[in-house]
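In the part that follows, the structures are each spelled out as structure tokens.
Next come two complexes, and both contain chain A; in the first it sits with chain B, in the second with chain C.
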Partner chain A sequence: MSGDGILIRADHVTKHFPAERRRVLRAVDDVSLEIARAETLGLVGESGCGKTTLGKLLCLLDEPTAGKIWLDGIDLLGIAPNELRALRPRMQMIFQDPFSSLNPHKTIEQIIALPLRIRGLQGRERIRQRVDELLAMVGLDPSQARRFPHQFSGGQRQRIGIARALACEPELIIADEPVASLDVSIQAQILQVLRDLQTRFHLAAIFISHDISVVSHVSQRIAVMYLGKVVELGPAQQVIHDPKHPYTRALLSAVPRVGEAQPTPTLLPGDIPSPLAVPTGCRFHTRCYLDQIAECQSDEPALREVANGHFAACHLVRSSTAD
Partner chain B sequence: MKGPLLQVQDLHTRFETYRGTLRAVEGVSLRVARGEIVALVGESGCGKSVTALSIMRLIRAPGKITGGRVFLDGEDLLAKSEAEMRDIRGGRIAMVFQDPLSTLNPTFTVESQITETLRVHGVASGAEARSRAVELLEAMGIPAAKDRLRSYPHELSGGMRQRVMIAIAVSCQPELLIADEPTTGLDVTLQAQIMDLLASIKQERGLATVLITHDLGVVAQFAERAAVMYAGQIVEECPVSQLMAEPLHPYTRGLLRCVPRLGRPDVPISPIDGVVPDLVNLPDGCRFAPRCPAAMERCGQAIPRLYPVGGERTVRCYLHEPPDAPATAREGD
Partner chain C sequence: MLRLLFGNRVAVAAGAVVLLFVLAGLAAPVIAPHDPNLQNASAIRVPPLWQAGGTGRHLLGTDSLGRDLLSRMVYGARISILLGVAVVLITLVVGTALGMAAGYFRGWFDLIMSRVVDTLLAFPFLIFALAIMAATGPNLVALVLALAFKGWVDFYRVARGDVLAAREADYVTAARGLGASTPYLLVGEILPNIIPPLIVLATLRMATIIIAEASLSFLGIGVPPSIPAWGTMVSDGRADVAAAWWIATFPGMAILLLVLSVNLFGEGLRDVLDPRMRK
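And now, the complex of A and B:
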């Protein structure tokens, strides 16, 4: 047990995928972050920024090209496969698409019972009882356990996915766009289920979403990604109300507001560059609207503390901690 | 004074399914003035897209428009021949869909898809059509427009594809644009670009727009008036500012409470219990009554009418029934 309350730590984690013509797709580039027990970290960014890949790396569903990942002080990349397998129940993932993440040939009971069996729970009656408990926890009627996934709505399927993740009694949940495909009234139901369970079981969570409004409601801290890098990281309300990085500022200005005045959106020119051809220097410099300095095109800015616990990777952001 | 550009009156669209009749749209009425942006907002299955397709007469079997009228500048579209409708679609009324990858033809270049529209509607052909296509792409903010003409849809990014779709839609100078979830699935920075484009097109050309969306944020930002749909019916219609400031229908109120407010953790998200009704087995009475926290006995008996509340506002709820209202109208009246 580590005493510092840190549950998972990523240290300079990088994931490069080989692409055709010997090119390299830099999905995640040198990301370091840590999550405390029972904390929720929101991971936001647009399509292709690497947030899903980072989520998969953190629970070792994919192996990083470089860097280290520590769970509770254990180096996950330095242990034997069977030791890693024994640790896997502690980190569980909830996927975006409740249609493709549940086996259509299995009943709900079979889907949720599988992780229970793998974890060594025996006896048909005990397993059934535990499945019923889990279904009730996520607000589903246990009498529906013999049904198949297609007999459920999108929101119900997402509840099933959550019940399956909870079957392992995890300490960390990695939720990848868990509400992205749901209508807003159903989305609110699922967010409530997740929040209740997190409080009840003291779960740490990484909440991956393109929707900053949702993330701002569930997270204590927010990390903003752009083209494989974390460009800003800090306490959620601080990042939302006092964003430092120009990308974060543009992103927030574009979020449509309900019930309050809309800031004039800062329209970013063009599209996000390809991760196959990452710009030199600051990755954002090709779309940045600030007055740039020479370093912007030559040096990659490091993530540095610009206010208490608030980090940004930009040459042009002044620190308010050092004076 | 001229009447509204688009007027939908008591529209009914049904689908015959093996389970029975699915009542997708029931008694929808809508007016859109020239140059106005009206949002049709609601969740999956509320009938907003079917309403749009009905306006365009694009409902195919087993679906059928079973009642109502659709007037474009005073002409009844439901009385037009199929040949006349073909001229109107893409000509006077254009449509932009959610997914440009599945609406653009993957086997033709951008050029051929834009010039085809111009040619079919007799606007331009040959070299003139080609130069018009370049102008349109430039007006949509597409860089290196000339080179892009030779591109196939798969070679373009999502934002570019949506710009091409919009270029095709406005190519024949339509009077009405129906945009069905035009930015759904796009990232917010791209969404801001596309909505900015639609707003400037509206400014420049005085284009009336029906904006179909599930996103209340998009409604708040871009629409002037909104009609909220639930289970095939409009439940509330009013200027957007009123809708956001003081929603009246219990469904609209619940829906707005489901929307997470950016950076406002003090405004909690509270879900609406239950699920939308099955459109084949609709409840008697108000369709929202089974989920409504304010439901009364009569709500389960007969469907409330759209009651006028103040100037431009209507609400389908007994809580807002004027005291001198006549006896409850039966469904379809």
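And now, the complex of A and C:
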């Protein structure tokens, strides 16, 4: 499995949470995907669609109910806990909320030194030096290393979170809405920092966002999630310019454009259904605006290749490849 | 934070009183004018200095065995505070450790511990301590254990609840994702964030323990009679209250003042450290 450039591979990954009255919350349902080294995958969907859960599953911060996850050919669910712990630095998550992801009782230096110590770096002076390098790398003043998280702004805190992840020298970064809680003026800066570092260190990345336009700028491929399932997956340009799934089309029609005619947004009727009561058949059929066929309500559509490397899970999309 | 505490005048005054008691207890051998256990048949029930018959030799008078009350008072402060600190420290450490383990690991450990705690909560604390002490007789080790037997439950509950919340915090998840070990997560990441309410609770528990120790000593099954303790002194003076009011009154007032001060100080500390617990 290794050697083919695939860094992480998820196979039929599912996460169900038990809910009250014996119900089951199907946060992530049978998702398979793979990410190559140095590739960026954008993961898009409405809030509550399971994208954060999927992100946490992929770096094993949460354990899947079913399915398998391989990192560089290693079955992450089949190894002992301490082996997994040793692998953790290779995949790092950047959290959505920079105010809760840093321990309020620790200085920045302590926060960034932790992964360095875990990876076996020793000696006060060497650790301090490395912390300073990392802070400089994310555009922070190393002289502020003795301060506490609450003395920094949201954007600065997110830079600290990025520096902490980099300290692990990871191969995969999972960025969960890293800019969603920041001011618009800061968002672009943080995205730029992430991109620069990604190119510099050849990092693979999963970029999670509810905003398809943000994702399209940074990703080579895009996966669109709806109610715990990937409904469309393909090269970023193809997904953006030639979306196949009706849900992706609706998402894209809502993106504001500059300098071109704004298409009439496709408004989806109703709200996203509860993951406690997933509709039968195609889980999008309750909000779909296409002329439905019987299968839409009875059979769950599988993700199939509709163009080269472009997959969609919809009964109504015609394949433009082989047949 | 310190400024906030100093802004609370009641808490500052209470803290000063507590400090005074602690210093008196620590310096007991220096301050006490007499051996607290020295009996003097020629100076029985001497009234305090300001009453007719009072003498400068015994500022607060003597008891029915001629022992100097002031000396016994400062030694009594020593044993009250010593026992209070010992019991609170033991219960704080045991309760916090068990509570953190239950809150973090959940599962069977949490289930069993929760049942144990429910059972302990059903016991009336003082009656239980009374039963233990009645069985063993007055002895310091048994007293500490009897007082600590149930006290850890409060720390357990606070620690467990706070860990349940803290373990889901992003910074804990982040540290786990970095490859940190579970002991490190508990001690290095979670503990510093749950300690303030536990400190407040420890202070408030101290008052309860002091009262309980005094009650047991009053009943004659707490501190051994060879060690001067306020509870024992109140009990000694009880029969003579009409003839020699001072024997029971001074230690009684000391208990009241110390417990009240510890409580007020604890509440002040709580308002500063832990806004969630505010009334």
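The rule we apply is simple: the second predicted complex is superposed on the first by the 320 of 323 C-alpha atoms of A that agree within 3 Å, B and C clash if a C-alpha of one lies under 4 Å from a C-alpha of the other, contacts with A are read in each partner's own complex, and residues count from 1 in each chain.
Here is the rule we use: contacts are C-beta pairs under 8 Å (C-beta built on N, C-alpha and C of every residue); 3 or more make two chains touch, one makes a residue touch a chain.
Because the structure is a prediction, the values reported are computed rather than measured.
K.L.:
Based on the shared chain A superposition, would you classify chain B and chain C as clashing or fitting together?
P.N.:
fit
K.L.:
If you stack the two complexes on chain A, which partner ends up touching A:P115: first (chain B), second (chain C), both, or neither?
P.N.:
second
K.L.:
So if I put the vertex at the Cα centre of chain A, how wide is the angle out to the Cα centres of chain B and chain C? Nearest 10 degrees is fine.
P.N.:
80
K.L.:
Classify the contacts of A:Q187 with the two partner chains as first (chain B alone), second (chain C alone), both, or neither.
P.N.:
first
K.L.:
Is A:S213 in contact with chain B, with chain C, with both, or with neither (first, second, both, neither)?
P.N.:
First partner only.
K.L.:
Output check: A:R88 vs chain B and chain C. Expected answer is one of first, second, both, neither. What do you get?
P.N.:
A:R88 contacts chain C only, not chain B.
K.L.:
Classify the contacts of A:S47 with the two partner chains as first (chain B alone), second (chain C alone), both, or neither.
P.N.:
first
K.L.:
Tell me which touches more residues of chain A here: chain C or chain B.
P.N.:
Comparing chain B with chain C, the partner touching more chain A residues is B.
K.L.:
Name the contact category of A:N103: first (chain B only), second (chain C only), both, or neither.
P.N.:
A:N103: touches chain C, not chain B.
K.L.:
Once the structures are superposed on A, label A:R164 by its partner contacts, choosing first (chain B), second (chain C), both or neither.
P.N.:
A:R164 contacts chain C only, not chain B.
K.L.:
Which partner chains sit in contact with A:H12 here, chain B, chain C, both or neither? Use first/second/both/neither.
P.N.:
neither
K.L.:
After the superposition, what is the least C-alpha distance between chain B and chain C in whole angstrom?
P.N.:
16
K.L.:
Pick out the shared contact residues on chain A: the ones touching chain B in one complex and chain C in the other.
P.N.:
Comparing the two interfaces on chain A, one with chain B and one with chain C, no residues are shared.
K.L.:
Could you pull out which chain B residues touch chain A in their complex?
P.N.:
Going through chain B, the ones touching chain A are 43-44, 143, 157-160, 187-193, 196, 214-218, 220-221, 244-245, 254-265, 269-272, 275.
K.L.:
Which bits of chain A are touching chain B when the two form their complex?
P.N.:
My answer: residues 46-47, 153, 155, 183-189, 191-192, 210-214, 216-217, 236-237, 240-241, 250-260, 262, 265, 267-268, 270-271.
K.L.:
Within their complex, state which residues of chain C touch chain A.
P.N.:
Per the stated touch rule, the residues are 169-171, 173-181, 189, 192-193.
K.L.:
Touching residues of chain A toward chain C in the complex: what are they?
P.N.:
It is residues 56, 59, 61, 85-89, 91-93, 95, 97, 100-106, 114-115, 118-119, 161, 164, 168 of chain A that touch chain C.
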